[in-house]
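Paired with chain B in one complex and with chain C in the other, chain A is shared by the two complexes that follow.
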Partner chain A sequence: MIRIRFHGRGGHGVKTASRILGTAAFLAGFETQDSPVYGAERRGAAVTAFARISETPIRERGMIAQPDLIVLADDTLLNDPAAGVLVGQETASAIFLNAADPAPLVAQYHIAPPARAFDVTARTRELLGRPSALSAGVASAAAKLCGCITEANLEAAVREEFSHLAVSPDAVTKNVEIALSVFAALEPAVLSDVPRAATAEMARVPYVDPVLGASTVYNSGNAEQRHTGAWRVERPVIDAGLCTRCGLCFVECPDGAMSLDATGLPLVDYDHCKGCMICSHVCPVDAITHQPETAAW
Partner chain B sequence: MRVKREHFRSPKDLPVVEYVTPGSPLCAGCGGLTTLRLMHKVLGENVVVVNAAGCMTLMAVYPFTPLKSSWLYTTMGSAAAGAQGVRDALDVLIERGKLDAADDLQVLVLAGDGSTYDMGLSATSGAIHRGLNFWYLCYDNQAYGNTGFQMSAASPLGSRTATSHSGAVQRRKDIFELWRAQRPPYVATVSSHDAVDLAEKVERARGLNGPKLFLSLAVCPTGWGFDPELSDEIAKLAIETGVWPLKEAVDGAVRHTYVPNRFRPVEEYLRPQHRFAHLFEPQRDEELLTRIQQNVDDYWAPVLAEPVANA
Partner chain C sequence: MSRQLLTGNAAAAWGARLADVDYIPAFPITPQTEIIETLAAWSQAGELPGRFVTFDGEHSMLTAAGAAAAAGARTFTATSSQGLLFGMESLYTISGWRVPLVLVNVSRGLSAPITLGPDHNDVLAARDAGFVQIHAETCQEVLDSILMGYRIAEDRRVSVPVLVNLDGFYLSFTREPVDVPDEAAVREFLPPFDFEHLGFRASRPIAQGVAVLEGATYSHFRYQMHRAIQNAAAVHAEATVEFSRLFGRSYAAIEQYRVEDADTVLVMAGSFAAKGKAAVDQWRADGRRVGLLRLRVVRPFPAAELAAALSGRRAVGVIDQNLSPGVGGIFCQELAAALYSVPDRPPVLRSFVTGLGGKDISQSEFDHVLSVLDAAQSGDPVTDTELLMTAAEWQQVQGRLASARRPVEDNAPLPTDSDDVRAAVRAEFEDARGGVS
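Moving on to the complex of A and B:
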């Protein structure tokens, strides 16, 4: 069995990527399983998806802690311990990095499995005009690394999955093009079947009186401790010289991640700004520009 | 045409203090969160939010909450009933001298359109009928957003949801009129785009005893399918095309607080949203586009026919 774990952010399309891979493997004649993790978090937050591919029926369920392949759509997640990108990397035969050059990432984050890389974001931007919606490219990387899926299987799976998403025929064609270019550029991984530890016994949770067991939050306003700044793909940068102190960006920030100094100049709270860029759009004098978030903050 | 504002003239007049902190897990660009944040600014700190299950329940995920006020979580059907319980408890505490009247809390129901238009409508109707002194904010993103964007009774004609793949065939319920039919002291529509209008309405309703109901168009990048950067633009287009009228009803008497001088074609609002993409591609659905425009025109015709009522 090949166990594949995808990591990305909400909006990147890793859930769709796992579906494309599952469908492609199914079309190639395998038993398959794919599923995303539905957490409480949303567009921009860390998202994980899983796929299992096997010649025999798959009895295993749930999250994959010991993957054969790790597929990473956004390298800034390596900075987020909660995303757990490298969890179980000891068993992984390869890791795919969405980057032009994997070497600096491998060195910086002590990535153990052999790394394969392709700049899916650049290719997607080139063909679709935007840097998100990476599903086809990322799924294609996984499919090629698996080594058991043909180009025809992949193309059929991309078409099949996109047919559920109501995208234009032109966008489907471009996604197929992205998938095929990634597929052609990569080599299959050398998969080694490392034995897995036995599955843990199911834990029994003791009954607790609801009065004691209910989740009650006694703090107020403590969500500030959670730094949602890592969700950004772009950061808003304010030009204090151009700013007229109108306050619109402050008012329209959904998260309240903007404050005003004594002179009325807005200041971005980069620890929390999710990068929606509404501030930039509402600014009447274009004093707020987009700056790509190349490394994690 | 904009009505005269007594309390807030420009965004600069809005309170700077925040009662909803950043760090919540809600989507980037959430219009519902903007509305809640702005409304809370004007309401002040002493609020207990009674929150029907929906997107906003994910605002507070154990052990974190962005609210500096209090929060109670209810089922989708029972937020207004929960508000009654909280209001009664506060009243009893004050009556028995256990709570200083100065420390009283304002009860705010926070509910999405699934709860407001569908499951919680009966509890809300009951609360209005009993004249419960509470606030109600519906963040209307026109579908069950939290569970994957299934159709609700608020989903507009032609909109694609997870359960209306070729577009909703029904017209959405007019919840403003359903509420108004019971003659609560205050009903209003608001939008994240017009923060000053929103703040003004909250201030106008403050002194009224009884249900104070707010319906906010909560632009939803995730469910509607547009880049989060366009959130405010889409909210603005909803107003400028006449799709989302800004109005209030005090004791049932309706007044529009903003009327566009020149209405933009509805298409300008529909086209940037993926949920309406099938109206334009692969070919234009002229019949449906005409119907949607006609519905908007029919709404405004009697409003515009009244010459001075809105001045």
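Moving on to the complex of A and C:
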């Protein structure tokens, strides 16, 4: 069995990528299974999706803690421990990185499995004119690394899955082109069956005081510890020279992620700004500009 | 027949479509919503002749489902978790009307704390509601059980609703290959709904669900529901034979997996049984004689089948994905009762609980279950249900708990004397009113 885990952000299309891979393997005659995990269902939030491909009936379900292949659509997720991109990397035979050059990422994040890379974002931008959803490209990378899926299976799967989405025939054709170019550029991974599941110690869960035995948060305000700024697709940047200190952005910010300094200049709390850009829309003098947040988009 | 990749939710929608349902009362709830979205899309596209109607909640939705079935409409509806509990009063009501319909529940843990992952406390809260209850392990079984469900529900030996359960996420959002039967074959398996004994019409008025204030008569009606659901065992078995003939797939009330020569048997239900089967495969490869029984039909409880299948085994471990606080795993209790009168019942029976809120079950936990069963002896003192959790998971829980605690130094001292408490509360109240009297 090959276990594949996809990581991306809401909007990257990793759920669709897992479905494309599942459909391609299904068309190739394998037993397959694909599923996403939804957390915060929001554009920009971390999303994980899974696929299993096997010649025999699949007796596994749910999340994949020990993948054979990790497919990463956005390397900024390596900074988010909650995304768990490298969880179980010890058993992985390869990791795919959406990047032109994997070497700096491998060094910085101590990535253990052999890394394969392709700049899917650049190819998508080149063909579609914008760094749109990356599903076809990352699905194609996974399909090639698996080594058991043909180009014809992949193309049929991309067409099948895009037929369920509201996209133009031209966009489907270009996504097929993206998929095929990624497919041609990569080599299959050398899949090895790394022994799994060392025996884990068991816990005995005792009775605890109701303070810890009920789901009550006494430490109110601890939501601050969750840096939802990592979901941001675009970053609002305020031009202090143009800003008239009207305070509209401060009032309209739905996340309370803006404060005013002593002169009335708005300051953005980038740890918690989710990048909705309402501030930019309401600014009467266009003093707030959009900057792309991750290279993957 | 076509073989397609379908989620459990899509398979449920296909089941309703192929059953040619007349009426679909609907209300959304995660992780069920995709079922009614799929049916709504088909309805809008004109591919589904049945009437699709949205409601303001599960209580009215289920009442409408029962009322439609009473009028002779083949009815399908679906819910999950809190929705099932919100509709609980209606569940008992419509089963008391003795109307056939199929309700799909997509299992999800109950609040509080609120969660999205699956366990079986929602569906087992409905175990006494007078529904036949079938738990599916695969997306294929979801579709097939809905078709079988209508056949069982509409049989006059039964005539109560059927609940088909699938696990949230592990089935609901998981795609896997599913054989979608041809409509013609389904028509042969499931002829049109013969509602002769129902058929409420304005032109044929009847009074349904009338008050019965006399205890003996009330007892009669309630006991009839018990007999009806007991009858469903034979009707299910007949339906299985016919289903197997037409579609080549066969479902017994309990699925027996590699139990032939097993001295030790695990008992599980739902999609997590797949993980149990993988553990069995691993143990078998190591030369261990272990098998697994999967509870498929939960009501009627297949006591005789379980007793026959477990008679003569050395040890049985029940892994419940549910928890009855103060008792433990529910299926273990029911199984113990079923085994009580069996002369050569297994001397070792142990209860384990895991998978609550969708918690995964690792091979390590299965290995632990087997080691507990191996060490257990006949005549051991009665043991409590054991919650399966790895030390690493428990450590993670500790981290979550720590982040929810207020640092001790931030705790304002609370008044202790009751007069002080009243004074403090009064002051706070006055303060909140801003001094306005």
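FYI, the second predicted complex is superposed on the first by the 263 of 297 C-alpha atoms of A that agree within 3 Å, B and C clash if a C-alpha of one lies under 4 Å from a C-alpha of the other, contacts with A are read in each partner's own complex, and residues count from 1 in each chain.
Keep in mind that, in the parts below, a residue touches a chain if its C-beta (ideal position, glycine included) is under 8 Å from a C-beta of that chain, and two chains touch if they have at least 3 such contacts.
Remember, predicted model here, so these are calculated numbers, not experimental data.
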*Who does A:G22 touch here: chain B (first), chain C (second), both, or neither?*
second
*Considering only touches as defined above, state whether A:Q33 meets chain B (first), chain C (second), both or neither.*
second
*asked:* Quick check on the superposed pair: does A:H281 touch chain B, chain C, both, or neither? Answer first, second, both or neither.
replied: first
*Using the superposition on chain A described above, determine whether A:V211 touches chain B (first), chain C (second), both, or neither.*
second
*Would you sort A:R61 into first (chain B), second (chain C), both or neither based on which partner it touches?*
second
*Would you check which partner chain A:A223 touches, where first means chain B only, second means chain C only, and both and neither mean what they say?*
first
*In the three-chain superposition, say which chain, chain B or chain C, touches more residues of chain A.*
B
*Under the contact definition given at the top, report the residues of chain A touching chain B in one complex and chain C in the other.*
215, 217, 219-220, 222, 225
*Contact footprint of chain B on chain A as seen in their complex*: 10-11, 40-45, 130, 166, 168-169, 215, 217, 219-228, 231, 246-248, 250-257, 259-260, 264, 269, 271-278, 280-282
_Of all residues in chain C, those that touch chain A in their complex_ = 5, 7, 112-113, 116, 169-171, 173-177, 271-272, 274-275, 277-278, 281, 358, 360, 362-365, 367-368, 387-395, 401, 403-407
*Write out the stretch or stretches of chain B touching chain A in their complex.*
10-12, 14, 16, 18-31, 33-34, 37-38, 58-71, 160, 165, 192, 195, 221-222, 227-233, 274, 277-278, 281-282
*Can you list the residues on chain A that touch chain C in the complex?*
19, 22-23, 26, 31-38, 58-63, 65, 196-197, 199-203, 205, 211-212, 214-220, 222, 225
